[in-house]
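As written, the chain order gives the labels A, B, C, D, E and F, with residue 1 at the start of each chain.
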Amino acid sequence: MIKILMKVSSMRLLAENLSARRGEDLIFTDISFDLGAGESLVLTGRNGSGKSTLLRVVAGLLHAETGRVSWISESSESGMRAAEACHYLGHRNAMKAELTVFENLGFWKDFLGDAEDGKGISPGEAAESVGLGGIIHLPFGYLSAGQQRRMAFAKLLVAYRPVWILDEPTAALDVSAEAVFTELIKAHLAAGGILLAATHQPLGLENARELRMAGFAGVTEERW
Amino acid sequence: MTESLAISKFSDLANPTRFLALAARILPWMAAATVIVFAIGLYLSFTTEGDYQQGATVRIMYVHVPSAWLSMMCYTVMAVSAIGTLVWRHPLADVSHKAAAPLGAAFTLIALATGSLWGKPMWGTWWVWDARLTSVFVLFLMYLGLIALNRAMDDPSRAARVSAVLILVGFVNIPIIKFSVDWWNTLHQPASVIRMGGPTIDQEFLWPLLIMAIAFTLLFFTLHVMAMRNEIWRRRVAAQRRMAARLAGREA
Amino acid sequence: MTALLLRDLKLSVRAGGGALIGVLFFMTVVAVIPFGVGPDLNLLSRIGPAIVWIGALLSALLGLDRLFQTEREDGSLDLLLMQEHPLVLTVLVKCLAHWLGNGLPLVIASPLLGLFMNMDEVAIGATMLTLLVGTPALTFIGAVGAAVAVALPRGGLLVSILVLPLAIPVLIFGVSASYAAVEDPAPFMPPFLILVAITMFFAVLGPLGAALALRNAGD
Amino acid sequence: MTHTFYIAMSYAVAAVVILCLIAWTWLDGRARQKELAELEASGIRRRSAQPTGDAA
Amino acid sequence: MIKILMKVSSMRLLAENLSARRGEDLIFTDISFDLGAGESLVLTGRNGSGKSTLLRVVAGLLHAETGRVSWISESSESGMRAAEACHYLGHRNAMKAELTVFENLGFWKDFLGDAEDGKGISPGEAAESVGLGGIIHLPFGYLSAGQQRRMAFAKLLVAYRPVWILDEPTAALDVSAEAVFTELIKAHLAAGGILLAATHQPLGLENARELRMAGFAGVTEERW
Amino acid sequence: MTALLLRDLKLSVRAGGGALIGVLFFMTVVAVIPFGVGPDLNLLSRIGPAIVWIGALLSALLGLDRLFQTEREDGSLDLLLMQEHPLVLTVLVKCLAHWLGNGLPLVIASPLLGLFMNMDEVAIGATMLTLLVGTPALTFIGAVGAAVAVALPRGGLLVSILVLPLAIPVLIFGVSASYAAVEDPAPFMPPFLILVAITMFFAVLGPLGAALALRNAGD
């Protein structure tokens, strides 16, 4: 028991003094956090306050102006980019409308592969977990907005990543699906995962830390 | 009930089941007639004399010209069905032009192949880029394009409507084929049978040609009805499969 | 309607860069032909009008297949379809904007290419005139294809095939009118008038067909 | 090459294409009929063909 | 006063026996409603139950399998399509990422024009009303998800239409923006407008009628 | 990686792109040429290789500019960028898939078109060989352009300026190698080897450049 805890707790997602720019505006400055296994951080704040920006910085998709994000785990070599331990679910679903749901999920499963110490489930099971087992053979483009969002979430389950970065995961979902998502997220956390999410609606997680973004932190005028 | 009345009237107009019953009744007769007329036509076309100018190769005419006519007629049938699709939203019209496209492509292919086989002895070359030849080639490409379009979309009624629009727009090619020999003077023969002022062709060749043309036409209609029947069956199977999947999903 | 025209022009300058890519492609095509034909100036000037026309045809088709696709992807198409302006008119205006952004630059660039091909002044003038009259027809024909492409997930190329056959008559009469202007026996006017007629014909048929396709693509 | 060759070739090409067309149409029909029979056998049938009327 | 009421009440959006198909599946059958001035109908239901489909049918973007939608108003000729009296805000925003917000709104204002008996406000004011007056000069693509949604909503204000058809208008919005939207919708209704909306979250409207969609109403197999 | 290859191939076949359609387009383009130039068989066979190459260039470039744009629009690009596979490899695989889906069918269809253009066997063989060697270079060059297009929201103009000039040498050496094979005095090998070198060069530079552009596209 202790061994497992040890192993689990050796995993950490660390952000130090992050600041980021959009255009010439600084969106946020000096954000730091340190998430261990099973911990979660929820970003809140008004529209345009920089939640998506922070998530993209952590996922390595945007260059941070200052500061760095690092991923520390027992098994990983020190040089590993944090991005590689992360799943990112953005505003867009990253699925091809022309391919069937099964092909889409299968592709991501093969392409992403599993991170160490974890295993993804099969596309069929993943669709089942988000409550849409029956329509896996339909082209993705035929699904309704909420069904698409659910399938995009199923993508997180087919390949294992310890860190989930979710940008408004529950947009367009009905109430029952929201509950399903909460359950899935809780299960991920219970298994030692880490969650970083931006949202306007409470996700229903107990003991999630919250970070309120304020937006616009100044102009990078010192550079000139 | 007015509503059920309206529905029954609608399904009366567009009733595939009726079509299937009708097809089952007339198909044997059509097939038999095709075989008989083909037999007569082939017999005549091998027993008539050759042309003094063109020699025995005039026999190629008996397959070339009917298939060329059919390639155009098939497109016309498709255009009429396309109007049915767009104006009356008649499901049988959808099925009709979808089923006709491969047939049209096949007859166009025959016209192209026999034409070039005729061209080699007569003009000394397999292929020239004259207006008629090219417009027939374009027709062939359009048939292929329509087949590809139908395969690229998996919602059949949407595919039918979209290809109907293209069929209608592409119909401008038919007069071009028909009149290209008059508009540009080219290597190819001008019309001598279907023309204003009556046929100018020798009686000797006219008969076998006409009988072969009838045979080809019968063949086309037989195949068309068969292909339409296949298409209806295909959709029926798809609908029932989908229904079964839905029911299974419900029970689970 | 002018609002739509202005927006589309603005977009083609700002994002697609239609004009420049078209002209560049056009020049590439024309620049490569002398390799095939060799440095025989007479021959070059003989096939000049044909080559310029072919280059224009191909560049006019570039990008045309996404005329409505972009509108659909961001949802604007829905709003365009709902308006009381006759849809035909909307399509016509979009065609016009596309032609102004992509076709007109080709027409303007054609004299330069005529010079490259060693054509004389009359031939250059005639080619330019026929291009001016003929390229709108290409846009109208392409619009039908573009409207059909909307129904397909990504049918760009498929559409070009369906549409290119219809463009052939435009090419034939455009080229023959250009030749007629140089070679004495053949009169210039008949093919030129046919070209004008074709353009008028497709100016009606094209938007009608495209509007019909857009209405029926519905999803 | 003799004219006979061209004539024979034309008739052969036409015959091959037409026979392929007939065969394809025929086989396609057979396959569809078989599928329908299989569905029938597994108890799925058209609702309008069912005696019990619409369930809605 | 009575005169105004008369005029207002003569406006109606009428749907009779609508049914619609997606692929070969019937999504709903026999839906009828009748909305007069100031009335609103909110569609609810699970993901994939056909809310968006119904809205698109009413907006004239999808062909109804049976039934029809009509628009009756004093000033309109009888032949007017219902779609022309409607604003449609779908899942996608109908704005060009390359153009600035101002250009986008200005274009829609000019292109859509105003329906009779109503007038749209200027792009600047519209952006102000949704709380984003300051960033009207930015290219639309630079905005955050919620800001984009708000600007798409501002589009409804620049050109007047009596009927608003909104598909999940509040997705991606923060709490304050939701309140702003509710106010704007209420003002529209109070001025005699009609609202048809699909949503998973309550919009906060009093006396809005609700229609629960059930999804999947059968297969159109009888056609074959 | 094979998953990516397979998916891209599937997409190009499924979504109205792919072998059949590319070839049909190519055929239509070539079919248009004789209409412009006239039915002069000698002339046709002389300009044949150039025309076939131009047709191939056009078909290869169509749709290539959206290689990464589609990935970006649906958000897949984000996930591709986050992986530990070297990004260069990902780009290479995408290029490969694009070439297999769009380039190779063109190469395979080229002999048929050669026949249409009345070219002799040697010329057909040479054209096919040069196409086989040269079209991958077009894909690689296009990939850089596509990546830059993603990075700059309004980069359309820049991309065309970037890509076409780079593609022209490919076209020129391809065409001149094809001619050298037929016309005796000119040797076939030098231009052909240059073509090979260009392809090898861009096979390295293209994915590198594209990966660099994608990494810096960040938004």
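Keep in mind that, in the parts below, a residue touches a chain if its C-beta (ideal position, glycine included) is under 8 Å from a C-beta of that chain, and two chains touch if they have at least 3 such contacts.
It should be emphasised that the depicted structure is a prediction, and the values quoted were computed from it without experimental measurement.
Shared contact partners of subunit E and subunit F comprise A, B, C. Each chain's centre was taken as the mean of its CA atoms, and the one lying most distant from subunit F is E. In this assembly, the C-alpha centroid of subunit A lies 56 Å from the C-alpha centroid of subunit B. With centres taken as mean Cα positions, subunit F sits 37 Å from subunit B.
Inter-chain centre distance (subunit B to subunit C, centres taken as mean C-alpha positions): 32 Å.
If you average the Cα atoms of subunit C and of subunit D, the two centres end up 42 Å apart. Counting only residues that touch two or more partner chains, subunit C has 14-15, 73, 152-155, 158, 161, 165, 168, 172, 218-219.
Those residues of subunit A in touch with two or more other chains are numbered 91, 97-98. Shared interface positions of subunit D, i.e. residues touching 2 or more other chains, are given as 46-47. Residues 86, 131, 134-135, 138-139, 141-142, 144-146, 148-149, 152-153, 158-159, 161-162, 164-166, 168-170, 172-173, 176 of subunit B are the ones touching subunit C in the complex. Of all residues in subunit A, those touching subunit E in their complex are 22-23, 45-48, 52, 91, 142-147, 149-150, 168, 171-177, 200-201. Residues of subunit F touching subunit C in their complex: 11, 14-17, 21-22, 24-25, 28-29, 31-33, 35-38, 43, 46-51, 53-54, 57-59, 62-63, 70, 73, 153-154, 156-161, 164, 167-168, 171-172, 175-176, 179.
Within the complex formed with subunit E, the subunit C residues making contact are 1-4, 6-7, 10-11, 14-15, 73-76, 78-79, 81-84, 218-219. Across the interface of their complex, subunit B is touched by residues 17, 23-25, 66, 216, 219-224 of subunit E.
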